[in-house]
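Structures for review follow.
Both complexes shown next keep subunit A, but they swap its partner, so subunit B is in the first and subunit C is in the second.
Here is the complex of A and B:
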């Protein structure tokens, strides 16, 4: 019978694993738009990046990011979710973990892996075994009362992003009130406002990733 | 008879909630449904039996047994290479590797000794890590005897197929339980007949192979295979 031997030299070679950052949120809230804004902003700060998408039905998001010209297409992996968008990030994130390990193996210097969840509902959360930090993206167009509904995604994420701030006047949302209520249901934990169309607010998200995830000053 | 500790281990490893990514594989069901070739309980019963009798029992099971009996890592890798060479369809090969590596990853992260050492070998080997080999390694780490390992292997396949069919809307949740009952008696029949140690692996599931191979042509899909 086989005895467990020593692991091979390559597998144990000293190498810092990449930080894994989850991006969850309802369908169409702007998760991919945020990824498309974060890629150039992080690259400009010299962060070595890779991306995983969990497209629900098509490989559309993965393809969109690959074709964006923002990142080497080989650094974008797609993981199918078998119609279970929150299983693949919470109860059984193994396929995402394997995809992240594989990216680290192929790109040994990678520092940060962004992992976009398939569009889901307010109850979706990331497993701590999968991500070091996760954000939840909601948008103004979904309604100003979303934070008040206290979905686990909104309450438990490390960073809540309220996107599409530009739409507030058009959908009758009081942005200040929405922001204040979000902070209240989260006991003051971080909430940032973004407009992924113009890029407004992205710097603050990047600054938070730098300090909380990459531990850069 | 299976003793209680073994029965409980079987429930854990055979549970569809065991986190090895099985929910993302339909092994041809999604494609057949999309092409109008699988609809309803009778079709699903037939499909599951074809997978069990003409692939699992004649190919996956003897190869898993071979890997289970492997004396060293080199012998394990040889089984992996046999599977790689005997699986002409690329999506099928890739699916088998992804499912196998995911299973191995869970066991290795939980400290399975053999899983850890085989996984380390696979870091430099892009052809290995097929599901039957991974199952042999992981179930040995779990302390399962070969007959128990075969039982979990057959059952997780059946369970995964039927659950994929439910999510694709081909059968309802109650019909699914009746499909599982039918599959259970088929699986029991197959398991009653041990596989010879020198059995040559074969499979013949042409329609399923074509359905899996066409997965890349589809613009919309929920499953890896």
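Here is the complex of A and C:
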């Protein structure tokens, strides 16, 4: 137990297990782009960070992040699912749990591990054994009707992110309506809008992680 | 915000009985209601019944239980209370229906228990969403709803 009044994140980080945050969503929705935006935003707030990426049979997303220059490449681990991506984040998350444990052993004091799932479908969800909090990323290019389809990923995640908001007028999506329908199917639970190309909306995602996961505010 | 890490005991621990009894007399036991479907979380933030903002994390090998003590000192104790788990009890009409019902439950990753010829589904969301998945089996009488509680 940590007594009230001794709650600074930096003071507690060295003694506590790292928070594990999942990022799932359909292929091409912008999961890796979100990770690339979150890394510098979290680093700027002094968050000690590591990343795990999941791909089908390659380490392509991990290599992309390692080469980005945003983070020490040693802090990026790759898991190859070899099958449907949800199998290693839900049915048997052992590979990802081991990867996260290994990062915590190698980097004592790491506060937050982002686990990016391989691109999947709307039914993809994360096991609570693996993550403390998980986000589901969809994008307007996939269609404004995605929230109405009530996929388990859309409905059950802790935070739904609607990405590529800048594309809405070009693909005939009423973004305001899509946002409202997303809130409705989630009974008002959080839905945030982002444009990961420009960085718009990223601060709100980081603020939610600071409040609900890192307990900084 | 009260930052809490780890489970410090259980409300039934005999070694803590006297201390908890004294706190109870002073009205200093706070309850933290955790929805059953969230019981697997290792990190969460909830408000206690006395209004305390609790930021809770657990060790990876710790499992939250009803009655778990998350905080105990001279001033107060904070005890976990699980909200009631809702159960949906279903009876298949025959072996064929049972196979179909089992296939659906497994394919949909439902949490289930088995009870004397019945499948008991531990409900994690609106019942209507569950009924919709079995609409055909329910409408043709292959599966009968026995109870929802």
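By our rule, the second predicted complex is superposed on the first by the 202 of 217 C-alpha atoms of A that agree within 3 Å, B and C clash if a C-alpha of one lies under 4 Å from a C-alpha of the other, contacts with A are read in each partner's own complex, and residues count from 1 in each chain.
Heads up, the rule we're going with is that a contact is a pair of C-beta atoms (placed from the backbone, for glycine too) under 8 Å apart; a residue touches a chain by one contact, two chains touch by 3 or more.
Keep in mind that this is a model prediction, so the values were computed, not measured.
Once the two complexes are overlaid on the shared chain, A:213 sits against subunit C while remaining clear of subunit B. In the superposition on chain A, contact of A:82 is made with subunit B only, not with subunit C.
Once the two complexes are overlaid on the shared chain, A:132 sits against subunit C while remaining clear of subunit B. Of the two partner chains, subunit B is the only one touched by A:58; subunit C is not. Applying the stated touch rule to the two superposed structures, the overlap between the subunit B and subunit C interfaces on subunit A comprises residues 1-2, 4, 6-7, 12, 91, 101. Listed in rising order, the residues of subunit B touching subunit A in the complex are 17, 19-26, 70-73, 76, 98, 101-102, 105-106, 113-114, 116-117, 119-121, 123-124, 164, 167-168, 219-224.
By the touch criterion stated above, subunit A contacts subunit B in their complex at residues 1-2, 4-8, 10-12, 56-58, 79-84, 87-88, 91-95, 97-98, 101, 105.
Interface residues of subunit A facing subunit C in the complex, by the touch rule stated above, are 1-4, 6-7, 12, 15-17, 19, 90-91, 101, 125, 128-129, 132-133, 150, 155-156, 211-213, 215.
On the side of subunit C, the complex with subunit A involves touching residues 1-6, 8, 40-45, 55, 57, 59-60, 70-73, 109, 125, 129.
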